[in-house]
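Pasting the structures here.
Next, two complexes with chain A in common: one pairs it with chain B, the other with chain C.
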Partner chain A sequence: MPLISVVLGRLSQAFLLLIAMSLIGFIGVHSVGNPVFNVVNIETATPEDIHAATIALGLDQPIWRQYLAFIGNVVSGNFGTSYIYHLPAFELVMSKLPATLELASIAMLIAAPLGTGLGLLAGRRSGTLFDRTMVKASVSALSIPSFWLAMMLILVGAILTGWFPSGGRGLTASFLGQEWSFLTGNGLWHMVLPALALAIPNIALIARLSRSGTIEVENLDFTRFCRAKGLSSRRILLRHTLPNISVPIVTIIGLQFGGMLAFAVVVETIFSWPGVGKLLIDSIQLLDRPVVMATLTFIAVAFVALNALVDLFYAVLDPRVRLSS
Partner chain B sequence: MQIQSRFCSHRLAALLISLTFWSGLPGPVHAQEELRIATSYKLMTLDPHYANLNENTSLLSHIYERLVYQDDRLDLQPGLAVSWRAVSDRQWQFKLRENVRFHDGSPLTADDVVYTIERIRDFLKSPSGGFRSYVTGIESVSAPDPLTVVIDTNGNIPNLPLSFSSIFVMNRPAQGFQTTEELNAGRAGHPPVGTGPYTFESWSSGEVLKLARNDDYWGGRPGWPQVTFRVIESPAARVAALSTGEVDLADAIPARDVASLKQRGARIASVGAARINFLQFDVERDRLPGVTDKSGEPIANPFKDALVRRALAMATDRGILVDKILSGYGTAAAQVFPVGLPGTSETLQPEAPKYDEAKALLAKAGFPDGFNLLLAGPAGRYPGDGESLQAIAQSWARIGVKVQPAAAPFSVFNTKRAAGDYAVWYGGASGEAVDIILHALLASPDPESGNGALNFGHYRNQAFDAMLARAESIQEGPERNRALAEATEFVMADQPIIPLYHFHHIVGYGPRVASYAMHPRGWTTAMQTLAATE
Partner chain C sequence: MKAQIVSALKRRRHGPVLTASKLLLASYILVAIAAPLIAPQNPYDPLQIYGWEASSPPGTRGSGGYLYLLGTDGLGRDIVSTILYGLRISLVVSIVSSALAALIGLTAGVSAAYFGKWVDIAIMRLVDLQLSLPTILIALIAIVTLGPGIDRIILALIIAQWATYARIARGVALSEANKPYMDAARLMRLPTSRIIFRHLLPNSIAPAVTLIPIEVGHAVALEATLSFLGLGVPIDKPSLGSAVANGFQYLLTGQYWISLFPGLALFGLIASINLVGEDVRRSLDPRNHSL
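And then the complex of A and B:
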């Protein structure tokens, strides 16, 4: 029974979030400018062409009527057709998803264990040279703008040394009806630099979080008891400290993963990695409202789902959460 | 010494790792003779009639062909049609090339041309209007025999053949019309079938287009077995891909990157674009937003006075725009196309700034102290657009005109311009020929006829309208070109716009390409490359 009410509560929250998001997104794109000028060739179009295009796209209607029509279509499962690509908007977003999903997953697979491990070690040996280096490195990694980091990775990894390709997805293989790069060696090779560009700031973030958590937990009574009982420091670190610091880390991993799915715009653009973030920013620039709305909806749903997952993980990781509910 | 050897061993280790990694990999799969192109043109649909944008037509020109072509001097050359003539004022006849086959094996016949026109005119309802404007003058089209197309027009259209340099010919399916959705579905639907030198392999919107050689091409075997276009919109990423040899050719190279690319061994080709960037004035309204006297009080529209427009033109330093902002990859402009192209005037040459004379003109027009204005323009749409506003502001400050530059994203700029928020702005125009630009940019606006579609400042000059109409009634040839040049000279004396520059299309290419033939229309195609022989 409580489970059902929790789920219902979550769903109604998600529903309200989607309504608010769609309203803000819709009005936002509407007030930026008129998409008609991107649909017709502005350098050759006659006023008549522009007028015809305005009517064809339904932009002659008042904004509230356009919004109601959009909501009506969404309810029947139709996000509309992209003004620019003339493809169904939601299909377009889904076709970009594999690229984003695999890049974000690999970046997080690098960042999460590496960041946690570094943080644990640094926290355990706080004050040592290793700890001080780690703190300084993480501060600089966090303060580097991501476009600069991406550019430097290309400069060093591709142009100066020629080890890695400078962009693109490389070879892809078909799996579950979608094209994936991680299934081919060449595709993996293409993923190295963009995945690093996404992972490095996250390594730093997670490492800082787990370091401060470790320092805190190391001073608690139960760790002292463990030590007094003669448990090895490795066992203390992995079996006792790690679970106790994992809640904030899992939260940040969930949030950052959602962020990478949606807003890896800079990295996707510089490495010409055709993902969701790039589609979103392109569509905003071209005022391609159906695609912007479909992408935003997808992102909102993804964040809600990730948050639910994170909550589930709390229960798995922290016995207190399980007991209280 | 110690440091150096450690550094070396690190590099060696890294190299070894990369080598071992490589050996286990299937290797880069671009075959020996695949041409790889990084392009800024993102092909948005496989329907060649859906939208009249270079973004689509540039890449689709590998698959589909047109009845006539424009060569690099913009003169018409035979394409799928070997000859054409005006039978009368209202009738044209095109003779098609023999033995041309579509990629599915069916022969090209006159009926396919009829189908193409019907598809554009009657079937497609794309929001942009597609190519409909090119066929509005066509009353009827028929195919008296398989290689003859007869077109009746509803008026005298001497430049009808030019329209067919933009229209891609499709083949008539067994029944009905091919829909845009079927074409966009690619291999899963009805992949695009044309007569062009390359056949369609695969496409992913905004990512990649793969083409294969059409061995039966009527114009001889094309140069590359495989052609892959990668859509890379970020200029820096295109430059990087060319630097590392991941692509053989990259288009729309920023002028500031040319030097470093050359250093890395890439070669550069460039040509003045058949297009114009200019400043346009609102000459219709009595009051203009942002135009005030020195104390900030609104004043009557100063741009109605030709003296003021002249003065501002004289105070514009095009040299700075071309040399500094475009790093030499631009040509200062005094008319709508670069001098030398058909219909341009030899006597109209860009003038060096004459600040004293300009100031005197301004005083004569009643503004001895100048005035304030807001100069609007798009940012990031054309090479040098945003920076040009800054440079012009500095030039005009020397004659007392205080300019506040206002650059906005292209779609925002267009929306605000259409809403009448601007008094004077930076713009761009392109077209197949001089008369098309003159028609759109400088002819008196008239929604009925579609004249003056880009004449957003509502400049009206009946004498020029008459001269342009007369020139356009003449058949293609030197006489028509002379009449167009004279009309241009006449209207530019009134300075309805300030032509700024024709930027250059810049393409960079690597060692596997021997040469690249530039074209002023700026498409990027495999046909323009010549493969290097080893």
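And then the complex of A and C:
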């Protein structure tokens, strides 16, 4: 199957997924409460008020028309105005995005090389003390609930030692019209703990994956041949083993980056990092429905898009994917 | 052949970590059941709580005459008792939701395999949709739509978890559906519900059931996370997750014990469930019995 049809197939799949999600979201939103009572006061409203509000909200239209209007709003990024901030909800989400993106990127920049490296080393010396310690450490790192890990990082890194700040974003510098923390020393200092909280479970996950890949590849004929040829074990590991295990690792990095957008909810709340996740939790607690909808939609769409991208990347990297389907 | 048997037996032998986690899990379940008998205080009873002893450090002797072994929280509740009662809520919520999710997921997966055509397509599309999103996101969306409360959080956990079971059960049921006993059942004109629930389901259940212990571990973590975010169980009846959350604001002022100890209890619970669950799955997996 040529690459182009794989691309088209995957994109239409992602598109269908989004349509299904929007349908479920639409039904979900419309099955809880009558939105008219968000607009008019339930105790003092006359039947005329309610009728006027129903027309104003478009609730007198047939259901499929309401759905089309909903889709139109979602596509144009119109989720209504925040009840709290009095700003368009989607703009609010976008204004918080740089903070989340830079945190997730830094976390992934820590997790990807560290996890791959640890996995390579452990896999090459499988069965040794280092390997067994690594496996046990990764199991427990994946068992720790992320919020508790974040709190322990604050306890050790901020309260007991006083090395790092316990929360906030620190100083930011302007770049491309947005404020970024990673451009200032103080901002980077603020990022250390939250980035570690996001990175540690991913280090464990990537290390497990690259360890099992390494063990598999190290037993294949070509590595034995390399060894017989007298190549140094470092060269075998970096030039021959690493490229052969890279495809699943790249996949998991892409998927986990999407997962980080979802897990940022927890880490951002704990470190009071003003990103999309903290906005979501704050808005849920303040009953700011437009912002909640906009944030959840954004995270879900971003995740589906990332998934599709990773799959496409897979097809480009690995000819077997193209040929088998 | 002999070497293979020996290695298979060796694989079955428990390491000290597994034995320890089995013991730990058993004691967790025991103290959760016996909580009202062994807890020094009933943290839900305001008459037993002394508000002026709030945030006492571990080892303080309280005016009730007994020892606050792990200190008290910001409302004056004994941490040991909060952990014991919170453990009950965490365990009940996650076991009930995992069991119901397994039941619903199995039924959905088996029905998809049995009916095929559009039923299959509809159910499996929904399953694909759910499995392509992170569980925490599904649970968040569900709890935002449903609102707070223990029954709602159980529902949200079911919504977040049923899809895994459905996918596995469908795969098994597809291969079972063409076996002779299914033809026999159909030829006898048994009612469809009887064929599904009495013939197909019991024969497709095994691989999905081995997942339940691991999923209970996930459910504990998920419930704790939702409660920590203030979206889970109500604050006056804390689960382990909300007990940790209650202590978070005190952590910043150095009163570490309020969230440290419930957190340790939670970590131990999740780790032991994961290790035991992984062992259950491995020893029930038929591929590991082949010699």
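Quick note on the criterion: the second predicted complex is superposed on the first by the 229 of 325 C-alpha atoms of A that agree within 3 Å, B and C clash if a C-alpha of one lies under 4 Å from a C-alpha of the other, contacts with A are read in each partner's own complex, and residues count from 1 in each chain.
Keep this in mind: a contact is a pair of C-beta atoms (placed from the backbone, for glycine too) under 8 Å apart; a residue touches a chain by one contact, two chains touch by 3 or more.
Because the structure is predicted, anything quoted here is derived from the model rather than measured.
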Touch test for A:Thr251: chain B only (first), chain C only (second), both, or neither? neither
Looking at the overlay, does A:Pro47 come into contact with chain B only (first), chain C only (second), both, or neither? first
Tell me which partner A:Tyr83 touches in the superposition: chain B (first), chain C (second), both or neither. first
Name the contact category of A:Ser126: first (chain B only), second (chain C only), both, or neither. neither
Using the touch definition from the top, say if A:Leu279 reaches chain B (first), chain C (second), both or neither. first
Which of chain B and chain C A:Ser212 touches, first, second, both or neither: neither
Quick check for you: in the superposed arrangement, does A:Leu287 touch first (chain B), second (chain C), both or neither? first
Just chain B (first), just chain C (second), both, or neither: which does A:Asn73 touch? neither
Mind working out whether A:Trp189 is in touch with chain B, chain C, both or neither, as first, second, both or neither? first
Residue overlap on chain A between the chain B contact set and the chain C contact set? 32, 151, 154, 159, 166, 269-270, 285
Provide the residue numbers of chain A that touch chain C in the complex, in ascending order. 17, 20-21, 24, 28-29, 31-32, 136, 139-140, 142-148, 151-152, 154-155, 159, 166, 258-259, 262-263, 265-266, 269-270, 280-281, 284-285, 292, 296, 299-300, 303-304, 307
Write out the stretch or stretches of chain C touching chain A in their complex. 17, 125-126, 128-129, 132-134, 136-137, 140-141, 144-145, 147, 217, 221, 224-225, 228-231, 241, 244-245, 248, 251-252, 254, 256, 259-260, 263, 266-267, 270-271, 274-275
Residue set of chain B touching chain A in the complex reads 14, 18, 21, 24-29, 44-45, 47, 50-53, 125-129, 133, 180, 184, 204-207, 230-234, 236-237, 240-241, 243-246, 275, 409-412, 414-416, 418, 428-431, 436, 440, 445, 447, 450, 453-454
Interface residues, chain A side, partner chain B - complex: 32-35, 37-49, 52-53, 56-57, 83-87, 92, 95, 151, 154, 158-159, 161-163, 165-169, 171, 179, 184-186, 189, 269-272, 274, 279, 282, 285-287
